[in-house]
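Chain lettering (A, B and C) follows the sequence in which the chains are written, and residue indices restart at 1 in each chain.
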Amino acid sequence: MSLLEVRQVLKRFDGLIAVDGASFEVYENTIKALIGPNGAGKSTLFNVLTAFDSPDEGRIVFDGIDITGFKPQRIVRLGIARTFQNTQLFEEMTALENVMTGAHAVTKSGMLRGAFRLPSAVAEERDIVEEAGRLLRLLGIEQWTDVYASDMPHGLRRLLEIARALATRPRLLCLDEPAAGLNTVETATLAEALYRIRDKGVTIIVVEHDMGLVMEISDEIVVLDRGQKIAEGPPRLIQKDPVVIAAYLGEDDSDDM
Amino acid sequence: MMRKGGVDLRILVLLALVMVSLCVVPLLTSDRYQLKVLTLVGINVITVTGMALLFGFAGQVSLGHAAFVGIGAYTSAYVVSTLGWPWLIGPVAAVVVAALGGFLLALPSLRLRGHYLAMATLGFGEIMRVVFVEASAVTGGPDGFSGIPYPSLAGLEIDSPAGNYWLVWGVAVVSMVLSANLVRSRSGRAMRALHGSESGAMACGIDVTAVKVRVFVLSAALAGLAGALHAHVIGFISPASFSLHVSVLIVAMAVAGGTRSLVGPALAATLLTLIPYADAVIPGLSRPLLDAIQAYQEDAYGLAISAVMLFAPAGLAGLLRRAVAVRGWRLA
Amino acid sequence: MGGTELLQFAFAGLKNGSIYALVALGFTLVYGATGVINFAQGEFYMLGGMLSVWAYASLGLSLPLAGIVGIGATALVGGVFEFTAVRPRKDGDPLALIIITVGGSMMLSSMARHRFGPTERSLPQFSERANLTVAGAVLEMQTAWIVGLTAAAVAGLWYLYNRTSLGQAMRACAVDRDAARIVGIDTRLMVTVSFVLAAALGALAGFAVTPLTQTAFDVGPTVGIKGFAAAILGGLGNPVAAVVGGLVLGMLESMSIAFVSSTYKDAIALVVLLVVLFVRPQGIMGRSGRRKM
């Protein structure tokens, strides 16, 4: 069944229409890619999906709940997590602490319990540390546990951000250009990690420019051009779709399809 | 060089040493002046701990914190001296009223960013100063509020300098320990996350505004607590004790102490508080030299915070960490 | 209250409003060029007065010359301040710059105290002619001077902004610094120029007001806050709005004394500041919403 439903979403900026009535569904336990030429409206749509921006028209329904206009912290609690194109890590915290912070929404110790280190807070803290360690291992970055995020190499920072997103225990993980700036080895590691995450029952939406990665990992692809959905389907069909090819040929720095 | 996180055992040892020496001081000296100065240091450590949470961990700034110190001081003085209620109710009321004031200011202000927040708090501080002067029925007006009784617990008045020293430093150490626990807890991570990246914090499900309000209220409450102790230990308060100058001094201590640290700001508070009372800690300091030090303390504060922001944003805490790293101490 | 009395309060409002307008212009110029609030702006006002007094009393210059020296020296201080305190912090982090300018402000007022002492200083009135009487209300000559000098400064600034290439470059910076840099404007120079101008405007206010109110090393912060309140009231970043904000604030203060009480007159500007910040942070003349903050 569909976990996320995007219905006729429209978003304007200063009179320009960035997303023009896009609709699609994301099925549970699949990887869906959102692609399109530069300026197609992918990032805008992504921000609307993750509640960092609200649509001017249209609805977004997650697991049967209309989440249009919700605040980010609320949709995180419902089970939607995200990463950022420009990683938004907590630079002055260690990798472990970054992931532990991701567990904020699924834990509940308040200031008093924390300040007085009440048994319930201490127990919760122990669980968070364990969980965070597990996630760092899942993404293969456990040797960086106690290193400050600012000191980690670029590619691993992206993995750390995914680990942090997973700590919110999402049902839907939204990744904004996770492969940007990664070399081929790192991209392969990423693909590997994404399969593992999906196999743990997490649905994934990914906005990505690296077509090799997109074609390899996605179960379904939505293609946007000038704010509109121009195609949707499995990778092998999208690759041959004349409309998609035309859209990509229309731009200068066409990615290798 | 790769930095690592975690608790530094050596720092803990250092802390233990500081605690021991704190305890030893009243046994070594019975000089009223010395003890009074060191008590003032303790009061400022309480205030700066709140400011360190706000500035160093949550990345917000308040240029009106003296107002909360003042609110605490006047509240406690009024409750205990004017209303004649038992002493302990004074500081409790001070904390509650200061926290409430912090909440009312934070709610609209914290939607504002950076310099707007700084200006809003600055404006609030100045308004409160006018109120302290004008609401003379409660505050005693520009002449101040005098004859505030000494602290007393369980019917026992703490009127000796050593007693006040113990009380204030006891509260200061408890405040610091609780704050240290806090910054390592879930709520503390949320605070530090704000400083790191607000977008990142939101993506972790952190209610950014709520966390900002909570930290602000907490820092206002600590300022109120320090104010209450100040009122009872010194016995006299006046609007001049809570001026813009004091607000800036509180920020200066937190800034010079460094971000992500409680020990650094406490150390900076100690040093900056001692400047005008240098004769209390340096025996045989000549009068003209002391006068010169006092005359130039403003310059020292101003230079200290500007220089830290320009050349050593990590402040004293950063220097400490670096010293520890240079000495090759392993981090636990 | 009669019309004459009201007019008298209006004159006072106009006088204070002009001062606030000049200080607010300083805030706005620096904000336009750098995106930061210069917490030392009030000290330029203080220095303008103190340095003019020094030029007049110690150097024995004539009053107009003393004013020029005072304003020029303060402008120089503004430039040096930018160069030594603001420019080295290259990332332009607002929180850091707030603290740096606060620290600079402390040092400037402290230096003034070391050099000129803690006492209040004054200057003679700019002209010895008798005060004017307008519909029964007395318009002090010095007030006329203050308003006139403010008007002249605003006109000069208008000319600079609209008729010179330097002004064009400054406006471009205020609209979009990155774009200005791309089209070849020396944005760093514009930052320095804005500090120099802001210092000169503040100093002019300090010089003009000293014969009426006297000056001292510690007058900076109070006027600084009121000038900032005026800049916010009008809408930060817009010079016209700064002038309007200053005049409106001066009038509000005056009228509150006339109709309410003088007890809380110093709090009026602060309350206005907080209300505007909370309710309409873009100011009365601002258009855009909260986004740009």
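As a convention for this text, contacts are C-beta pairs under 8 Å (C-beta built on N, C-alpha and C of every residue); 3 or more make two chains touch, one makes a residue touch a chain.
Note that the structure is predicted; figures quoted are calculated from it, not measured.
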| item | value |
| --- | --- |
| Chain hops separating chain C from chain A, counting only touching neighbours | 2 |
| Innermost chain, taking as reference the mean of every protein Cα atom displayed | B |
| Centroid spacing, where centroids are CA-atom means, of chain A and chain C in whole angstrom | 49 |
| Cα-centroid distance, chain B relative to chain C, in whole angstrom | 33 |
| Rounded Å distance between chain A and chain B, as computed from the means of their C-alpha atoms | 41 |
| Parts of chain C lying in touch with chain B, wherever the complex brings them together | 36-37, 39, 85, 88-89, 94-100, 102-107, 109-111, 113-114, 221-222, 225, 228-229, 232, 263-264, 266-267, 270-271, 273-274, 277-278, 281, 290, 293 |
| Interface residues, chain A side, partner chain B - complex | 50, 52, 71-73, 76-77, 81-84, 88-94, 96-97, 100-111, 113-117, 121, 124-125, 128, 146-148, 151, 164-165, 167-168 |
| Residues of chain B that touch chain C when the two form their complex | 59, 61, 63, 108-109, 111-116, 118-120, 122-124, 126-127, 130-131, 134, 244, 248, 251-252, 255, 295-296, 298-299, 301-307, 309-310, 313 |
| Chain A partner contacts - residues on chain B that touch it in the complex | 2-6, 178-179, 181-182, 184-190, 192-193, 195-197, 199-208, 214, 218, 259-260 |
